[in-house]
Amino acid sequence: MFSLNEKCAVVGIFNVSNAAKYAYYSLFSLQHRGQEAAGIASSDGEKIYITKDRGLVTQVFDEKKLKKLIGDSAVGHTRYSTAGEDSVLDAQPIFARYDLGQIAVVHNGNLTNAKEVREKLIKEGAIFQTFMDTENLIHLIARSDKEHLYDRIIDSVKKIEGAYSMIFLSRKKMFAIRDPYGFRPLSMAKLEDGYVVASETCAFDLIGAEYIRDIKPGEMVVFEKDKEPRSIQVFEPNPHKCIFEYIYFARPDSDIFGKSVYDVRVKMGRELAKEYPVEADMVIPVPDSGIAAALGYSKESGIPFEMGIVRNHYVGRTFIEPTQEIRDLKVKMKLNPIKELIEGKRLVVIDDSIVRGTTSKKIVKILKDAGAKEVHMRISSPPTTGPCYYGVDTPTKDELIASSKTIQEIRDFIGANSLAYISIEGLIRSVGDDLSYCMGCFDGNYPVPNKN
Amino acid sequence: MFSLNEKCAVVGIFNVSNAAKYAYYSLFSLQHRGQEAAGIASSDGEKIYITKDRGLVTQVFDEKKLKKLIGDSAVGHTRYSTAGEDSVLDAQPIFARYDLGQIAVVHNGNLTNAKEVREKLIKEGAIFQTFMDTENLIHLIARSDKEHLYDRIIDSVKKIEGAYSMIFLSRKKMFAIRDPYGFRPLSMAKLEDGYVVASETCAFDLIGAEYIRDIKPGEMVVFEKDKEPRSIQVFEPNPHKCIFEYIYFARPDSDIFGKSVYDVRVKMGRELAKEYPVEADMVIPVPDSGIAAALGYSKESGIPFEMGIVRNHYVGRTFIEPTQEIRDLKVKMKLNPIKELIEGKRLVVIDDSIVRGTTSKKIVKILKDAGAKEVHMRISSPPTTGPCYYGVDTPTKDELIASSKTIQEIRDFIGANSLAYISIEGLIRSVGDDLSYCMGCFDGNYPVPNKN
Amino acid sequence: MFSLNEKCAVVGIFNVSNAAKYAYYSLFSLQHRGQEAAGIASSDGEKIYITKDRGLVTQVFDEKKLKKLIGDSAVGHTRYSTAGEDSVLDAQPIFARYDLGQIAVVHNGNLTNAKEVREKLIKEGAIFQTFMDTENLIHLIARSDKEHLYDRIIDSVKKIEGAYSMIFLSRKKMFAIRDPYGFRPLSMAKLEDGYVVASETCAFDLIGAEYIRDIKPGEMVVFEKDKEPRSIQVFEPNPHKCIFEYIYFARPDSDIFGKSVYDVRVKMGRELAKEYPVEADMVIPVPDSGIAAALGYSKESGIPFEMGIVRNHYVGRTFIEPTQEIRDLKVKMKLNPIKELIEGKRLVVIDDSIVRGTTSKKIVKILKDAGAKEVHMRISSPPTTGPCYYGVDTPTKDELIASSKTIQEIRDFIGANSLAYISIEGLIRSVGDDLSYCMGCFDGNYPVPNKN
Amino acid sequence: MFSLNEKCAVVGIFNVSNAAKYAYYSLFSLQHRGQEAAGIASSDGEKIYITKDRGLVTQVFDEKKLKKLIGDSAVGHTRYSTAGEDSVLDAQPIFARYDLGQIAVVHNGNLTNAKEVREKLIKEGAIFQTFMDTENLIHLIARSDKEHLYDRIIDSVKKIEGAYSMIFLSRKKMFAIRDPYGFRPLSMAKLEDGYVVASETCAFDLIGAEYIRDIKPGEMVVFEKDKEPRSIQVFEPNPHKCIFEYIYFARPDSDIFGKSVYDVRVKMGRELAKEYPVEADMVIPVPDSGIAAALGYSKESGIPFEMGIVRNHYVGRTFIEPTQEIRDLKVKMKLNPIKELIEGKRLVVIDDSIVRGTTSKKIVKILKDAGAKEVHMRISSPPTTGPCYYGVDTPTKDELIASSKTIQEIRDFIGANSLAYISIEGLIRSVGDDLSYCMGCFDGNYPVPNKN
C-alpha cells in the first residue's frame, strides 16, 4: 500500500524567537523537495499550534497564519506531489494529543514495515485517520509503557524499519532522529541561542544559521531549553545513504552527507567522460539538474560546455491542454533548445536519469528537430532497474525502462546516436570511494527488505 | 474543554445512485445549522471516499470534487462556527481505518463525558488528532472486542454520555443512532429504493424523499443492501428533546420531533399573548426566527402583525469595520426598521431569546430612533439562565444576562417599555403538554450531568 | 443592442471623511439592486481613485483596497446580473481623463437613444471601450464646447433620452441628476457636514444619514465644498416614475418617490383583496417580495396571513446541477412550503409578478404536492405585456407570458385554481391616486420611444 | 507622465483554428517579459471577444475562459509589473468599437509623444479611460478621415513617436507594425495555413510555428484571409534596435533582430574577457541572465566556468517579511552561493547590468561571506547612465548609480575587488559591428526625443 512521505523535506527550529517564521523560510528554501503540501507546528512551551494545507509554502502561509504559530520552537514539512490522494489530511506535521500531552511529528522517508506495524496496531485497536506512515510512530509512542517521551521514541523506532529522518516536537523539547541506515539526510546548525535541523544545508544559508554537523545514522539528538543538545546513538550505524540525493534531489548549493552536492555532480560528469568518451562539438545539460555533471563532463573531455537547452520556470499546475495536438507540448513547455547553437552540431547531452524513457525520447527529438547532427546521451546515474522503498517516488519495476530493456534497446527507443550510463564504480568514485551508500534501485541490493 | 460538534447537521444516504450528490443537496438545505465547514464521505462498497473543508456547502464542493465521491451511500455534515480553532482538521466526517476496515462518522451533539472518555482512552494508548468528541467513538469502536460493527457501536455508545445523533458509514452498511434522551433530532425517509437520514425534514423536501418517521431516542437503525432497515432499541428511551430546536435552530418548514416547527412557534406566540398581553398598535418580529411567534401573538391578541424590521441577507464574513464609528453598525447591517410604519406606534416586538442582552438593547434603540412610541419585548423562550451541555453553542453562565439579572433589570438594560418571557408552562403547552423535553438552560434540570 | 445599466444602484458621498467607506456601506445596503459587479471612485480634490470588479460589494472590496480610495468624496455602483458579457470592463463607475481633467460617473437607468447617440459619436471619431450606455455621457461632456463641467453636463443630458439617475464626480465637485421623467429613484441626505445621494433611502439608515428630499425629475443638484447644494431644474419635470420600484425592486424599508415601499405594497394587497376576493383558509406570500402585499390582502379580506413558504437564503452562483433530475430543484432550493400548515387548505398566494410563468407554475406545483387543496394566485402587478426600456432587465415581448396568453390561459398554464392581477386602477390607488407613473410594461404607453 | 506598456510581449495569430489557444501558449513562453497582467482578444470574423486580467498567463486563463475566445485570429499581451496603478483596466489588449467596427490592439513599447498626442486628442474631445499609451492609437485611428483601416493605421502611426511593436486585430484582418527605429523586436512565422507574429521567436518553438523573418523597422504587415501577407514600408527604416534585448530581456533561446541571443551574450562575455582580464580561479554567472556571458568570459580567458550561485525559482509575490531582520533576505531568497566551491577562490562574477548598485553590493557580500577570496565583477553592459524612453522600466537618472558615480566609486560601493563594464565598442562587436542599435541609456544619444 502506498504511503505519502516520499521525497519531502523536514525542518526543526528550537529556542529561537518566532520559530515558525524561521521554519517558514527554511521550508521555502526546501520547496524543491515537495510542492504538494506544506505545514508548520509550533510550541510556546504550553501548547502546540499547527497549520497545514495543500500548496506551495508561500501559498499555504500568510502573515496572519504565521502569527498564530507562536512560540520558540517549530517543526515544518513540505510534501512531494503524489498521484493518488490529495487530501489536506495527508499533509504533515501530524499533531496528536496522547498520554504525555501534545506532540507534532514531521517525517522524510518511507517505512518498509509500515503495513505490518499498522496492521498490528489496528489489531490492537488503533485507528488510522491518514495515509501517512508517520501516523504509526505516534501510535507506537502513545502505546509505549516508558515514562518519558525520550525513551518512548527509542522504544518506537525500534519497532519500525525503513527510511526516516524525523523531528518530534513536544511542548518543551524537540527530538531529531535518523534511521540506522541514514537513507535520508538531516543536518543541524546553530542559530542565535538556538538550533536548526533541516533536510538540506541550503536552509541554513537562507536564515543565517551555522552548520554544525549531520545527525548520524541511528542517532537521536535531543533539544532542551538551557541545555546543550544531547546525542544518543540509538542504533549501531549501518550507513546506506541514498545516492540519488546527489544525483537528483538535493539542491547543488547544499551539502549532503557532508559533501557538496555540486562537487559530487561535477565528479560524476568527469567519471562519465572517462568511462564513455565520445567525439562531439559540445556538452549540454538537461537543465537544471544536469548542469553540474555536464560541466564535469566538459572539464574532463575538453569538449566545450554550452547551455543548449533553456528551461521555462513558469510552468504551473493549471496548464491548459491543447485541443489539437501541439506535438511534444509538455516537454517543450519546460525545455527549448537553442537552435542556432546546436544546428549541425554533435551533442553530448547530460541528464541525471532515465525513468520511463519517454521524456528522454522527446528531448532527443526536439534536439534533432532543432538540427543537432548527433545526440549522445550520457546519464549521471546507473540504469534504474528497481524501485526505491525508502522514500523516493519511483514507478513500478515494470515501468522502469532499464528493468526490461538493454542499454542498446533503450538507445533505440529514445533515438539517440549513443547512450551511456555512469557505472556503479564511477558513481562510487564520484562520491569518494565510500561504500556506505544505498544503491538498491541500481543493483537490487536493498539493505532493508520491503514488507509493504 | 471545548468540543466542536455543537449546533450542526448530519445526513446519511443509503442505496441511492450518486449518493454524494443527494448528501450535497441535503446539506445545502441544512446550511442554517452550520456555516463553518462541510464534508461528505461516500462508499462504493469497496472503499470510502471523503472531502471536507472550511466554508459553505456550495464553497466546499464543486462538480469535480463531488464526482470523486463515488458510490451508493454517503454521510455528510455541516459544522457550526465556533470562536476557537478553525482548522480543516476539525471538520467532519471523521474517517478512519481500523481492524474491521474503513469507517466514516458524522455527529450532531455534544458528549458530556468526552473528557473522561478521552482521558481513559489516552491512558490506554489512544492518540487524538482532532478536537472533536466524535473521535472518541471511533476509538471505542476500534477497541471493542465484539466481532461485528453492529455490536461494537452498541458497545461503544454505552460508554458515552450526552447528546448524539450520529450516522456511521462502513463500506457496506450505514448505522443511524440517537442518544437515549433524543436531545438532537434525526429523521428518516424513503428515496427511490433507498433511504435518507437527516437532522431536519426540510432536507427530504428538497431531494423529494418521503418522510417515514423519526429515529427514536435510544434507537439504532441499520441500513443494509437488499434488506429492510433494522431497528434496535439500544437504550430505554428517556426523552429529553431539545426544546430550543423549536425556539430557534430548526427551519420553520421542518418537522422536528414529529411536530411542525412553524406550528409550535405560532403557538408559542399565542401563549405569550395570553400570558403577557399589552396594549399596542402592532406586533413585529425580529426576522427571520421571530416571524411565526409574532404571527401567533398577533392572532391571539388581535393586534395587527407587521414586518416592521427588514433583514439584509447579504451579510458575509469579510465585512469591513468603519474607521469612525457608525453607531450600531453590526445590528443595522442585518436589521433595519421601517420608519414610516412604526413612527409614533406602540410595538410588541417578538424575539426568540435574549442571550447577553446587547443585541436586544440595540434593536430597542434602532426602533426608538426610528420613532417607536413604546417597545414591548416579548420573548418566545423562558429566560436562559444556564449553558447547554448537549450541543448548543451558548456562552458561559456569567455571560448570560438572565443568570444574574431580574427581568426588570434586563428590561432596564435593553431599554424596553416592558419585557416578558414565555413561561415554562406556556412553552410546554405550545409543544403539546408533553413533558419529554430538556429545558436545562431554563430550569437547571440537566438530565445528564456535564463532566467536561 | 443591449446595454448594461439595468436595475442597478448608485450612491454619492460628498464632503465626508473616508467617503469611500461610506460609499461601501451604502452599496452594501443596496446590494439587492445588483449582485454582478461593484465599484467605487473617490476624489481627494487632486486626483480620482477607482476600484471596480465583478462580485458582491463585500467580495470586491477589502480593507486594503478601500484604503487606497482616499478623499472626502466618492461615487459607487452595484450592477445587476445580465446574461451576456460578464466583463469587469463593464462595471461602473466609468472613469476618464478629458479636457477638464478627470471624471467618474455612475448611472442607474437605460438610454433609449443610446445606439443613435453612440453611432453619431462614433461617426465623429469617438471610440467605445465598454458596452455601457454611460460611456456616451462622458463623450458628450468631453465634446461639449461649454467651459464648465456644470454647463457641459446640462448640454449633454439634453442630447440623451431615456432613464437616468446619475452621479458625476469631478476632482472638486459632485453632480446628481435625474431624467425629466424621474424613471429611477434618487434621494439625498445630510451626513455630518456633507451629503449623501443614493438610489434608496435604506442606504441612509445604515450610515446614519438624514433624509432631506428626493432629487426631482429633471433636476440636477451640484455639490461643492463650503457651499450649500445648488439645484437647477434642467428639464421641465414630466414625472413617469417606475411603478415597479414599489412592486418589486426596492427594499420595503426604503422610501421611494417619497412614499414607504412597505406601505404601498400593503395597499396593493388590500386592493387585490377588494378586486379579487376569494374564499380561502389562508393568505401566503411568495417570500420575500410578496410579504407586504400578502399582509395587505389578509388585512382587507380577514383571511389569516401565514408564512407558508420558507425561503433559503444560502443560494449562491455555483450550485451543482443534479445528474439525475431532482424535480423542480431550482425552485425548491429557494422555496419550500410548510406542509403541515397548508395541507388540505385553500390558499391565496401573493406574488409580485408573473414573467414567463414557469416559476409560478412550479410554485403552484410544490404547493399542491404539499397538499394544498386550492391555490389562488393573486399578483400585485397588472399583467406584464411589454418589455421595459428604462432600466429593467425584462425578457423580450415574446417571452412574456401575458403578451400572448389570456389570464385564463395563464391560469391553466400555471395550474392554479384561480388567478388574478391587480388592475391598473387598483395599482394607482395603492400609490395614492397619483398618475405620474410609468406603466409602459403594463399598458404599452411608453413615455419615451425606444430607438435602440 | 508614466505609461504602462513597458517591457511587455505581444503575439498575434492569424488564420489558425483555435487561435486563442495558440495565443495562450505563445504568451506562456513570453511570460518572462511581463508577469503583471495578461490578455487575449480573438475574432471569429463577425465579432471580437476579449479576456484580460491581472496575473500570470496561467492564472488569467482557464479552459472555460479560453473557450469563449472563439475564432481563427487572436492577439495577446503580457504586461510587466509596474509600481503604480495595478488596475485591470490597464491590461491589454485594448478593445474598442469605432466607426469601422471593432478593433483590438496590443502594444510593446513606449510613445515619447504620448502626452502631447493625448493632450491634443483630449483638446479635441477625446476621453481616456486607461493609463496606457496605446489608447492614443485607437483614438487616432477612429478620428482618421481615411476610408480603410489600413490607411488609418498608417495615418495614425505617422502622428506618434517613440517605440512600438504593435498588432491590430479587426474582425477580418490583422496588422503588425514596428516603429521606424525598430526599438522593440517583432518576428513572424508560419503555422499551418496561417501566421504567427510574436515579440520573441521562442514563442514559435513552443507552438511549432516556422520562423519566416522579422517585421522590419517601419514596416507594416497586413494579414488577410486567402491572401499572402502584404508588406508596406510605412517609414524609411532608421534602425535603433534596443541592445538591452540582448543584454537582459530576451530569452537566450530566442533570435532577436535576426541574431541568437545566446550567441550574442557569449560574445559579450568574450569581449569582456578581452577588455578586462583578471587573474582568477573561476568565472561564475549571476543566474539566469548572466550564464551565457559567463561562458563567453570563461572560454576567452580560459578560467573555468562554474555555476557558483544557485537560483531558487519558487519566489512569488506573497513572501512574508521577517520580523527580526534576516540579513540580505531578499537576495538570499533568490540567490545562494555554493560555499565549498568558492571558498578561498578568486571569482570573476558576471552580471548583465548594475542599476542602483544595491543588489550587486549584496551579491558581493554573500559571496565574500561564503569565503570568496576575491570578487571581480564584470558587467556585460556599459554603465547605465540614463533612463530608457522606449519601453524599459528604468528608474530615474538620479537612482542610476552610474549617473553620478565613477566606476571606482561604484566598485567601492559594492565592495568588489575590481569592477569593469564592457565598453560600448565591445558591445557593438558582440552584436556584429552593426551600428544600428539604440544605446541611449549608455551614451545619452536618444534617437527620438522624449516629450513626456
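All chains are identified by letter, namely A, B, C and D, in their written order; residue positions are counted from 1 within each chain.
Operating definition for what follows: a residue touches a chain if its C-beta (ideal position, glycine included) is under 8 Å from a C-beta of that chain, and two chains touch if they have at least 3 such contacts.
For clarity, every value in this text was computed on a predicted model and none was experimentally measured.
Q: Stepping chain to touching chain, what's the minimum from chain A to chain C?
A: Tracing touching chains, the least step count from chain A to chain C comes to 2.
Q: From chain A, which chain is the farthest off, judged by mean CA positions?
A: Measuring from the centre of chain A, the most distant chain centre belongs to C.
Q: Between chain A and chain B, what's the gap in Å when you average each chain's C-alpha atoms?
A: The answer is 47 Å.
Q: Taking the mean of the C-alpha atoms as each chain's centre, how many Å separate chain B from chain D?
A: Taking the average C-alpha coordinate of chain B and of chain D, the gap between them is 60 Å.
Q: When the C-alpha atoms of chain B and chain C are each averaged to a single point, how far apart are the two points in Å?
A: 36
Q: Taking chains as nodes and touches as edges, what kind of graph is this: line, ring, star, complete or other?
A: If you draw each chain as a dot and join those that touch, you get a single closed ring.
Q: Which of the chains are touching one another, listed as pairs?
A: So the chains that touch one another pair up as A-B, A-D, B-C, C-D.
Q: Going by the contact rule at the top, pick out the chain B residues touching chain A in the complex.
A: 50-51, 53, 87-89, 94-99, 118, 122-123, 125-130, 138-139, 142-143
Q: Could you pull out which chain D residues touch chain A in their complex?
A: 17-18, 21, 24-25, 28-29, 31-32, 56-59, 61-63, 66, 202, 205-208, 251-253, 255, 260, 262-263, 291-292, 295, 299, 304-307, 309-310, 312-314, 316, 318-320, 322-324, 326-327, 329, 332-333, 336-341
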